[in-house]
Amino acid sequence: MPDNELKLPLLDQLEEGPWPSFVKDLKEQAARRPQVGQLLEQLEQSYENRWDYWRGTAINVPGYGGGIIARYSDLGEKFPQVAQFHTIRVIESPGFVYSADALRQLCDISEEYGAGIMQLHGMTGDILLLGYDNEKMMDACEALMDNGWDLGGSGNGMRTIPCCIGPARCEMACYDTLMLTKYLTDKYIGYLHRPEFPYKFKFKLSGCGNDCANSVSRSDMPVIGTWRDDIQVDQEAVTRFVKEMGQEWVIGNVTSRCPTRCIHLNGDQIEIDNRNCVRCMHCINVMHLALAPGKDRGATLLIGGKRTVRSGDMVASVLVPFQKLDSDGAYRAFSGIVERIWDFWGEHGNEHERVGEFIDRVGLGTFLDGVGLEPDPQMVANPRSNPFIKFEEYAAPRLDGEPHKAANVLNREPDREEDYEGEQP
Amino acid sequence: MNAKKPLAPRDNGAPDYKNYLHPAMERNYGRWKYHRGIRPGVFVHVSDSGESLYTVRAGSPRMLSAPLLRRVCDIADKFCQGRLRFTSRNNIEFQVEKEEDIQPLIDEIGRVLRFPVGGTGRSFHNIIHTQGWLHCNLPGTDAAGVVKSLMDLFYEEFTHENFPQRVKVSTSCCTINCGGQTDIAVNLQHHHPPAIDHVTINRCELPKVISICPVLAIRPDRTGGRDTVEVVEEKCMYCGACHAQCPALEIRDGDTDTLSIWVGGKSASTRGGPSFMRLATWGLPNNPPRWPEVGDAVRRILKAYQAGANEYERVGEWIGRIGWKNFFAETGFEFTKYHIDSYRWARTTFNTSAHVRL
Amino acid sequence: MPDNELKLPLLDQLEEGPWPSFVKDLKEQAARRPQVGQLLEQLEQSYENRWDYWRGTAINVPGYGGGIIARYSDLGEKFPQVAQFHTIRVIESPGFVYSADALRQLCDISEEYGAGIMQLHGMTGDILLLGYDNEKMMDACEALMDNGWDLGGSGNGMRTIPCCIGPARCEMACYDTLMLTKYLTDKYIGYLHRPEFPYKFKFKLSGCGNDCANSVSRSDMPVIGTWRDDIQVDQEAVTRFVKEMGQEWVIGNVTSRCPTRCIHLNGDQIEIDNRNCVRCMHCINVMHLALAPGKDRGATLLIGGKRTVRSGDMVASVLVPFQKLDSDGAYRAFSGIVERIWDFWGEHGNEHERVGEFIDRVGLGTFLDGVGLEPDPQMVANPRSNPFIKFEEYAAPRLDGEPHKAANVLNREPDREEDYEGEQP
Amino acid sequence: MNAKKPLAPRDNGAPDYKNYLHPAMERNYGRWKYHRGIRPGVFVHVSDSGESLYTVRAGSPRMLSAPLLRRVCDIADKFCQGRLRFTSRNNIEFQVEKEEDIQPLIDEIGRVLRFPVGGTGRSFHNIIHTQGWLHCNLPGTDAAGVVKSLMDLFYEEFTHENFPQRVKVSTSCCTINCGGQTDIAVNLQHHHPPAIDHVTINRCELPKVISICPVLAIRPDRTGGRDTVEVVEEKCMYCGACHAQCPALEIRDGDTDTLSIWVGGKSASTRGGPSFMRLATWGLPNNPPRWPEVGDAVRRILKAYQAGANEYERVGEWIGRIGWKNFFAETGFEFTKYHIDSYRWARTTFNTSAHVRL
């Protein structure tokens, strides 16, 4: 179906303007792959009616429990080429680094079996290959795997892990984000491919508090680089910087922006009360020629981030203030924590309950006990303001059954199942 | 399913990124000392070893056809020793070791791909977005189209670095919000409870859909001799969780759904730390193909931010300093009772002090 | 019963030490009033057993629904003098100012009818007269009222109103706290004496943001003085102050402590961006010889403070950013708001639901509608972060019945009454 | 009741304070210009008119016998033109117009009342407190006794002004907390659910007590042929709301109740505004008549505060700056899982950033 046969009055308007147009690109591709033309036609109809025409189902590659996002068109009769139009999620290369050849291979597979269109990358970090029907999807997966690629995550399992570029090209990196991404992905690939958690579980890895991987707000377990010795200061570079920018500018833009006011300009020298530094990165960001993270590096582990549905947005909170990540032993220690979390949440979490929601329900204190971590004041912005403490000498932690009904319960499944049973005719 | 060759789990895991690193990255891995902006879209990283690596960042629409991606690869072969990378905001980064290669590379990107170079530092960064009508089964609006429209509008802002600090924008196409928590976001807003399709609703899904509602608004019911559910409309707060679970609870409505603009989100732990996006304005028409009202609203925010923020202040930090009263005054958005939180932590969003700006 | 007959080995230890001893004072009084001796003996037993021996009941003076806190002793047989030992709450003089004669009158009444002991003042602001039995209590009330005193609040009504010393002796006062206290007390004395609200309702009045009446955290409706023009600056006094304290001190202790950084020291002159000043009082407190609140004064009205039980502590939040309080008209406008709140909360509040808890249940937006106030961004620290908006074009606000079950519901009476009925045998 | 003369509502209202103002207050009402501290416990207010009013603040135990109050009145007559006032923290303020009257006044206060002069400015202010075993029906501890013990300990701190800023302390005797939200508080802590007295429980109170429980832990039940309630122990979080409603649900326990110390509360809208008190340490023995463990704990906090806070920093502001990690390190209190909030707004108390002090 050649381009000029497509009637896309609304989408055509998205060809205009300086920003690269996906419509234009897809139209060109439509000349080669008829699915893409029908995709655009269906999209045109969505634009016209402000309505969506996709239905979802679970389709799995045998032996896998995720990685395919199946789509059937409600307009399958009208647009048979998109009656089945599935997406294959493919695990990205850590740090999103590629060789041109590797990407060309994806192009080939994508054109051989699918619509020859892809998204680099999905919000979680996967490479998304679009436009496969039930049959070709299998073949495409086969081809991908033969070439060393692997399916990404979906459903109630570990998800594909993205990371910032870290040590590969950033002077701020406090641990090797790429290596840890690969380590976690490979080690837990079974949890990714055969989902069996209460719900999805996302890691995101950032080399420092700048959080270029957006981990705190979009992952269940953010891993954020930090250091535990003193900020490295090159006082000569400080002097040069102060000379260039002026003292007032440095005070106004560096020291007075420190959240704990622990950094001071003394003439043309920087003084830092490192005991009170919260590793916020600001001074280092601004004066990166003169300041650098300390040398004893590792990461802060956080827990429980997610976005909006049901709970409202939740930002992850500190779980392990400092974790070394520079040796096999350190990796094992980290994995141990991860596995204890999965065990505990896996056993007691409700269906569809993200780990952050689980913590909301059972309480962070109970969670710490369950995963075997010591409470630390760094976990909280503030200790509690109410005296409603459930001392354990008496009552068991609120994990199953009854306690679901407590005031801080988010998901009240047991309640409602009772209701449901009770009111059946 | 009629797959010919059932796949055994192969569990390949993640690609070995080591094979894909630019040679200069490989040599200087973990040894980078500092970076410097050269011009919008171009920066250099300098290593301990003295080596430099120049990065040219090209804005990409994320969706790429195979032919287009092949052209990208050709440029990487020609200039970048066959290596390239993507950023966490879907940009493409081409890297060269010699400063003199930068301009020819940029020219080639413009000529062959027609991608702009920019999106670094204090610019309007590339917008991250979700599937929309192109592929998801849940959207109330499109994503790629909203983004294309906005990026056209703020093209100059992408290719220049004229803001007080980086501006990150995201969009999402349903209240699940696969999109990011950012300085500015364009998200979908429902205006009424789901409509129930008592015919297609699936008996086996009932307990699940009942249990997913965070405010217990869904109850078992019998209609027309079938097991189904009812939604207690006074309780429902239009969150759409049920719709994500079961398509028979249709929360979307082409006639009444609108778009909302959110401001002040931040992931970085810089300075005050991460912050949530907050409702700036709601009720913008879901107006394809160009969503002009959304563009206007975003521009209002950007203008006020540009005029009022101090250096290094992200959007949320700027608002924190001037106060929401002044934010609403300067953008001209109306503050309504719907801006006041009514969900679980509502009270913690109130002004519990005598602090007022009069 | 003379002092030396009392056996109080534990309480005796509270006679020691430099701080004035209530035990010593009460022992002396015990020599004159036997109740006080038995009070101490019962207290001694409490100290010994860490146990309390009072039972409460509602006793009212005819025509009044509150003001008496009735106490019966569990040890009435052993200590018959305290078998009935009630407290009379008496409305204090606004600003806690008294003539010696007025207080002597209280002493007389207190000794004539009661134990001759009193507390100046109770946490809410009342004068507490202790130690009356059922009969003498009536006589005491009669005597009090004959002399112009009045009973204070208790139960589900308006409570006795305290205020800071305000214009009577404070240069910060932005409105007449004493006059407004008397106005509100007198105007609404019926609501105080004949409680008919869902629950108690407390005002506390402070003349400025220093909140010397502790209003935000301990009253349902704090009234806190403020101004809407510019801070008054006496630049000559500033110059003197800067000279005395030094520029660095002034920056470190005044300007850099401003929450919005809207005050600057320019050489030895103060500059204020009044548009961004939040009236926090800090700069004025420190430099009160040079700075003063503006001239266009009034108050910020807040709503919903209370302490711990059930809800956990709640600090009140802004309801009316600025309310003039300098004329009859202004007083009427303020009363209008108060009455609309009482009407709306009175109609829709659950029993035992403080107005802050009511707002938690129905939502502040609904509350504003109900009391006829316009939403204002000053009411919030931040607008909402979730898109879960109940637009009214469709559904009624959550006030009665069903909506009580919503997630942000605190008190779920209807639910539980159902349960209760349902499970009766 | 057998009252001889039933009272008709008289509705006198509040006393007319105008009759009770010190003459200098009356003359200068609303015209005060500034104040100045003279020495601990003594300050002067100067009016527009040039007049001065000297205030001497005497610490009072709040509970006063009639004879003692008469002695107070006598002093007011002798020095203060028959006027006096109380403060919102139960202190007594004597006011004179001449500076030379101050010392004789102070001498008389010491001689006749034995009340200390102090509690102003940067001192340890008088402790506000509640009824305790002396009069309330709900207390798990005493109030006046705890306060007397603490004020003895911190007498020097009351009569001097040696802190970075005012220190306000309160106590309460049950979890209702009639006491104040202050810099430091000593409050009661329960350790288990209420015990139910199935015999005395009153049928008519059942619906009320069931509905008052904030976590729905109370359920109707039948025991020994009577209507009563049961408490679901896993749900109950020992808040005591039921006990306040119905004495048959006895939450107190002389053997297991303890005292907790709370820090960082503030009502003033100064600087960052009001703040909640937070749990510093729990499990201190309820140890009459002197509660020495409580005194020790309060002293630890005061010492660390005095050593570490900047001028004008209230306790909570100081902790905010140094961080809770350092607060616990410097006071030596242990941080336990019970310090972590588990109630309605728990999540909003978590550290949602990568901010750590290492």
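Note that the chains are named A, B, C and D in the order they appear, and that numbering of residues resets to 1 at the start of each chain.
As a convention for this text, contacts are C-beta pairs under 8 Å (C-beta built on N, C-alpha and C of every residue); 3 or more make two chains touch, one makes a residue touch a chain.
All of these numbers come straight from a predicted model, not from anything done at the bench.
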Check: More C-beta pairs touching across which pair, A-D or C-D?
Finding: C-D
Notebook entry, point to check: If contact pairs are compared by residue number, which of A-B, C-D or A-D agrees with B-C in over half of them?
Noted result: A-D
Next item on the list: Report, in whole Å, the distance between the mean C-alpha point of chain B and the mean C-alpha point of chain D.
Entry: 49
Check: Once you find the CA centre of chain C and the CA centre of chain D, what distance in Å lies between them?
Finding: 13
Margin query: Residues touching two or more other chains, restricted to chain D: which are they?
Written below: 175, 177, 214, 216, 239, 269, 273-274, 276-277, 343-345, 347, 352-355
Checklist line | Junction residues of chain A, two or more chains touched | finding: 209, 211, 216, 224, 259, 278-280, 308, 312-313, 315, 385-388
Next item on the list: Mind listing the chain B positions that touch chain C in their complex?
Entry: 175, 177, 187-193, 214-217, 232-239, 260, 262, 264, 276-280, 282, 321-328, 335-344, 346-347, 349-358
Next item on the list: Please name which positions on chain A make contact with chain D in the complex.
Entry: 209, 211, 216, 222, 224, 226-228, 259-261, 275-280, 300, 302, 314-318, 321-322, 356, 359-360, 363-366, 368-369, 375-391, 393-396, 398, 401-403, 405-408
Item checked: Parts of chain C lying in touch with chain A, wherever the complex brings them together -> 256, 308, 312-313, 385-388
Checklist line | Residue ranges of chain B touching chain D (in the complex, touch as defined) | finding: 269, 273-274, 344-345, 347-348, 352-355
